[in-house]
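Both complexes below contain subunit A, partnered by subunit B and then by subunit C.
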Partner chain A sequence: MAIQDPPRPSSPLVPRRGTREPSPRPRGHEIGDTTFGRWMRIYVPVLLMLLVALFPFYWMLITSFKSPSELLDFSQSPLFVIKPTLEHYRHLFTQTNFARWTLNTAVVAVASTLISLLCSILAGYSLARLRYPGASAIGWGVFVTYLVPPTLLFLPLVLLIRELHLFNNLWSLILTYPTFLIPFSTWLLIGYFKSIPRELEESALMDGATRVQALLRIIAPLAFPGILSAAMFAFTLSWNEFLYSLIFMNDTIAKTIPVGVTSELIRGDDFFWGELMAASLLGSLPVALLYSFFVDRFVAGMTAGAVKG
Partner chain B sequence: MLSRRQGFYVQAALPAPALLIVTGAIAYPLGLELWFSLSNAQVGQFGNFVGLANYAYLLHQPTYHQALVNTLIYTVATITIKAILGMAVALAIARHFPGRRLVYAFLFLPFVFPMTMGTMAWYYLLSNVHGALNYILMQSKLVPDGVNWLGSSGPLPMASLITVNVWHETGLFAVLLLAGLRSIGSEMIDSARLDGATSTQLFLHVVLPLLRPALVLGAALALMGSFGDFAIVHVLTNGGPANHTQTIPHLAFMVALRDGDVGVGGAVAISLLPVYFLMLAYLLRTVRR
Partner chain C sequence: MDTVSRPAQAAQAPFPKSHIRFFEREAPLGFLLLAPTLFMLLAFLAYPFMVGLWLSVTDSEVGMIGRFVGLSNYRFEFLNDPVFLTSVSNTFVYTAVTTVFKLVLGLVMALVLNQAFSLQRFVRAALLLPWIIPTVLSTLAWRWMFDPTFSVVNWVLTHSGLAARGVDWLGTPQTAMASLIIVNVWRGAPFYGISFLAGLQIIPVELYEAAKMDGATRWHQLLNITLPMLRPVLLVVLLLSTILTFADFQLPFVLTNGAPYSSSHVLATWAYAQAIQGGAIGIGAAVSLVLFPVLSIVTAAVLIVLRKQD
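Moving on, here comes the complex of A and B:
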């Protein structure tokens, strides 16, 4: 049976959360606002917060550019860099396996994100839309599962990975990361799917489309912002994951960035601060870039449950 | 009509992969870890049943007591501070001002930045060998000899852990509360103002009740992050000095994988799960009503 093209809404039907009606007063000035009051209530606190939030990044940046002699020169202020050098960045690629760790991290993050997304879209859609007994209980269970800290349940996974002989194998991470990614992204997507009007797909079902067709051609495009949020969160969580990777990856060339950086750039009591800070910055570049392009998606994903509760 | 019937099976099958993994992610580890905690398992073994011996052993371990207290302090302190600071950030950036979007992005950056890397930077900041914080304190003559942030036996190492955790995750609270604030809408605020409500009354009686869902979600996520934190403790203090900053997840890791005693490590991890679930249930109950 031929299927009509689904109706494409001209404007997004998903209500944009967090937007506020424009006020008739001058931009942002609330009743009773004075210039002094705005300074005390907005600018001073904001500047202080920015200082605290960003100082560690400044510290990483200047440390990564200091020459080894400057790092050890205690007579000089550590807050500035006199002669910036790229030596530590070069060292990372010539003297350490940093490039390999990056590759490992990227492979694991992409693979586990894709697996998790596929499972979560199907499950999220089904739990948000279909009326079968226990759907809301399962949805609730997914949320609670998401809230169980993975750091308390790693021991059984160690045994599993040992039985499968997957130590030092990227598959050990690709298989275990979805255990905390899927509950999270399913929970996030249930909220998005629920915000899409039922009538849209019901009319498609009337016209003879199957559920899968309705999901693929009507719901998925409309829920794309939510899917993007889930994808970015899953990617970020896998990129940053530390404990499982620390346990499963012992070979130098099998490590991911967080584990490689914190284990191989420290020898006993010797901290190679230049390389450490350079690696910390370079190693989080993908996540930071992703974040800077899609900051609204990140925030929308995080707050999806906050408003409705 | 065939497609309809197929449709039913498809519907029923859709959540299967996720349910399988979610069940696997929770039932398998919980069950096996429970077994570990009741056995004398070593690394890579199933071990034999020993009853509650591991728990009885933990009752007499000062290290375990210390980890319990530390986990509680760490969790409660970080959640409280993050909620208050997050509220301050949200209130400050809820209004329009030039550069607001950039400020917003910067304040949220620590949250997406890899926790291990951020903690590494803090380790160096707090270092008493040419660390920035001590340099500033010594230059300003506030503390002539500098402060041993991570190595002293007082409350400083724990305070440092809390600071790093707060730095990392306050953005989460801020963003959640900001979304809540924006959903309130200006009419309600304006009408309360025109009725003569003071700022304090407005905040306590109008804004705060409406922010409850956001606060609860933030607290639940922060509870998971702080209670289950491993990376910050491992990188910053490794539980030291002398277990002064040991927490339950980190102790479970040390006992099970460093000492190889999976049975006792499992008991350490399992022992606090009921408490965790009670706290979580209490939090979530307030939002469901």
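Moving on, here comes the complex of A and C:
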């Protein structure tokens, strides 16, 4: 059987037939790097996940553009809009206080985020860098409060907000949201502060800086990615909050988006689906845009929060 | 310019000298910096929590502070309130079942996304959307998708031949619970997935290279490298998510609010129904505090795990 190999450019990388090289066929159940393999490993699961994750948003979108008659017409495929209309959006802005709810939500989210950031930058620095009796216990105490959910607090808070005469006042939310924002952002920032070399700060102290100056001019700028992550989380959690604003805000002009939408676009058993979906889409846009720009930041924040503890 | 003409001195004191030396000592400064945080947490978290404990042993109603009644609110709930007992078991089922699904799906999602492919960044951002979007708003979309007459899910199921008849999603106790679980998993799995992905990306590549040299299959690499290295992230995500799911209010409130026939209440929605809709604040406080022992156990577990990692 002296079939000669055809003469080929002698390359040491190309194994010659008959040598004992591992078979190029994938071993066992391992899926190789063929086109088919890549489709099975990557594209098929990714497309399936995208379909499931995004379908509700697609459904929101097309529902919000359907006319009332088309909305309830399943004789043709409901998955597409035949005659798109802006009727629901117009209705939302002319017949309801949606614009006002958006403003309220934004004001509360920005204010409570700023308060929480200020508190947690100071507290995070104190707990990460300064040595004093009880620091470690207080650090764990702050973490434990992160695990006390609003579900446990909303009833007594009703009494407290009444005593403070803050019903239907945005301050009731601006003051209570930090209770679930501060523990989390403090925890995240402690991780960041600890990762900054002590020497940087100590040399500034040697140069005569006070600790507060060192915090403001050296630590805070270096921890900026962490502060940005904390700000994003805090803003999103405030934007999405529901229980406190459901209970504290009864006047239509005091409501936030989630409360306004569920209490005024649902009347008894009547659901105004067109307006509801239009409002849901618009109310989701700010956080969706924020995250599409900062998704890498978010992932880094998760790593810092979860791994550095 | 001073700093230019006298460089030696400038190097010594680039920061203006402060005279408040007292606060340079670590303890006073430490507590001063903690003060705003401690004030917010004591005033709006610790104090209300204590008031809540007290409310649960009174017969308070909306607009009326009640008198001390001992443990009778708790006794009433456990002995005479079938909806409460249902909501306790629903809360456990909701938490346990969703956690298992989110864990498995999140792991799959992280492993798929950890491969190199184009548009990866876009896919990550898109898959995270369910978790980012306000729960109330996305849950409304699901409620519309589960509509008794105009359910698009049913339309797809029947028109694609996957099911002969549509499912009455929110109409029976079993399907209502299943719907709650589906929406919670849809919303929560991306958080697990992205967190796990972050954990996967810090596993050193050398470990996999060494394993490949030794002839380990992908499956062995997953069991012997990936999962053990992922353990810290996995535990933290698992425990934090358990707490949030256990006390979840928004999703069950918007999707079913107990319907049908108060069969799908969880503790959070039942506490709200009793206290705000029914006016019995004392009873509501007792119902919500039933969450507390379980939350404490989970919290203790989180602390032990985190301390071990330190």
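We take it that the second predicted complex is superposed on the first by the 270 of 309 C-alpha atoms of A that agree within 3 Å, B and C clash if a C-alpha of one lies under 4 Å from a C-alpha of the other, contacts with A are read in each partner's own complex, and residues count from 1 in each chain.
Methods note: contacts are C-beta pairs under 8 Å (C-beta built on N, C-alpha and C of every residue); 3 or more make two chains touch, one makes a residue touch a chain.
All of these numbers come straight from a predicted model, not from anything done at the bench.
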### Query
Following superposition onto subunit A, is the placement of subunit B relative to subunit C best described as a clash or a fit?
clash
### Query
Looking at the overlay, what does A:Leu243 touch: subunit B (first), subunit C (second), both, or neither?
both
### Message
Quick check on the superposed pair: does A:Leu189 touch subunit B, subunit C, both, or neither? Answer first, second, both or neither.
### Response
neither
### Task
Based on the superposed arrangement, let me know which partner A:Leu79 touches: subunit B (first), subunit C (second), both, or neither?
both
### Query
Counting only touches as set out at the top, which of subunit B and subunit C does A:Thr262 meet: first, second, both, neither?
both
### Query
Counting only touches as set out at the top, which of subunit B and subunit C does A:Arg41 meet: first, second, both, neither?
both
### Query
Looking at the overlay, what does A:Asp207 touch: subunit B (first), subunit C (second), both, or neither?
second
### Task
Determine, under the contact definition given at the top, whether A:Ala223 touches first (subunit B), second (subunit C), both, or neither.
neither
### Query
Of the two partner chains, subunit B (first) and subunit C (second), which one does A:Ala111 touch, if any: first, second, both, or neither?
neither
### Query
Touching A:Ala234 in the superposition: subunit B (first), subunit C (second), both, neither?
neither
### Query
Of the residues on subunit A, which ones does subunit B touch that subunit C also touches?
27-28, 30, 38, 41-43, 45-46, 49-50, 52-54, 56-57, 59-60, 63, 71, 74, 78-79, 118-120, 122-123, 125-127, 130, 132, 138, 142, 144-145, 147-160, 178-179, 182-183, 186, 208, 210-212, 236, 239-240, 242-243, 247, 257-258, 261-262, 271, 273, 276-277, 279-280, 283-284, 287-288, 291-292, 295, 298-299, 302-303, 306-307, 309
#### Entry: Of subunit A, residues touching subunit C in the complex
27-30, 38, 41-43, 45-46, 49-50, 52-54, 56-57, 59-60, 63, 71-72, 74, 78-79, 115, 118-120, 122-123, 125-127, 130-133, 135, 138, 140, 142-145, 147-160, 175-176, 178-179, 182-183, 186, 204, 207-213, 217, 236, 239-240, 242-243, 247, 257-258, 261-262, 271, 273, 276-277, 279-280, 283-284, 287-288, 291-292, 295-296, 298-300, 302-303, 306-307, 309
### Query
Across the complex, what residues on subunit A touch subunit B?
1, 17-21, 23, 27-28, 30-32, 38, 41-43, 45-46, 49-50, 52-57, 59-60, 63, 71, 74, 77-79, 118-120, 122-127, 130, 132, 138, 141-142, 144-145, 147-160, 162, 178-180, 182-183, 186, 208, 210-212, 236, 239-240, 242-243, 246-247, 257-258, 261-262, 271, 273, 276-277, 279-281, 283-284, 287-288, 291-292, 295, 298-299, 302-303, 305-309
### Query
How about subunit C: which of its residues touch subunit A in the complex?
11-15, 17-18, 20, 23-24, 26-27, 29-31, 33-34, 36-38, 40-41, 44-52, 55, 65, 108-109, 112-113, 115, 117, 121, 123-130, 132-138, 140-145, 149-150, 152, 155-156, 186, 190, 194-195, 197-199, 201-202, 217-219, 232-233, 236-237, 243-244, 247-250, 253-254, 267-268, 271-272, 275-276, 281, 284-285, 288-289, 291-292, 295, 298-299, 302-303, 306, 309-310
### Task
Using the touch rule from the top, collect the residues of subunit B that touch subunit A in their complex.
3, 6-7, 10-12, 14-15, 17-19, 21-22, 24-26, 28-33, 36, 43-44, 46, 88-89, 91-93, 95-97, 101, 103-110, 112-118, 120-122, 124-125, 130-132, 135-136, 139, 167, 171-172, 175-176, 178-180, 182-183, 185-187, 189-190, 193-194, 212-214, 216-218, 220-221, 223-224, 227-231, 234-235, 248-249, 252-253, 256-257, 262, 265-266, 269-270, 272-273, 276, 280, 287
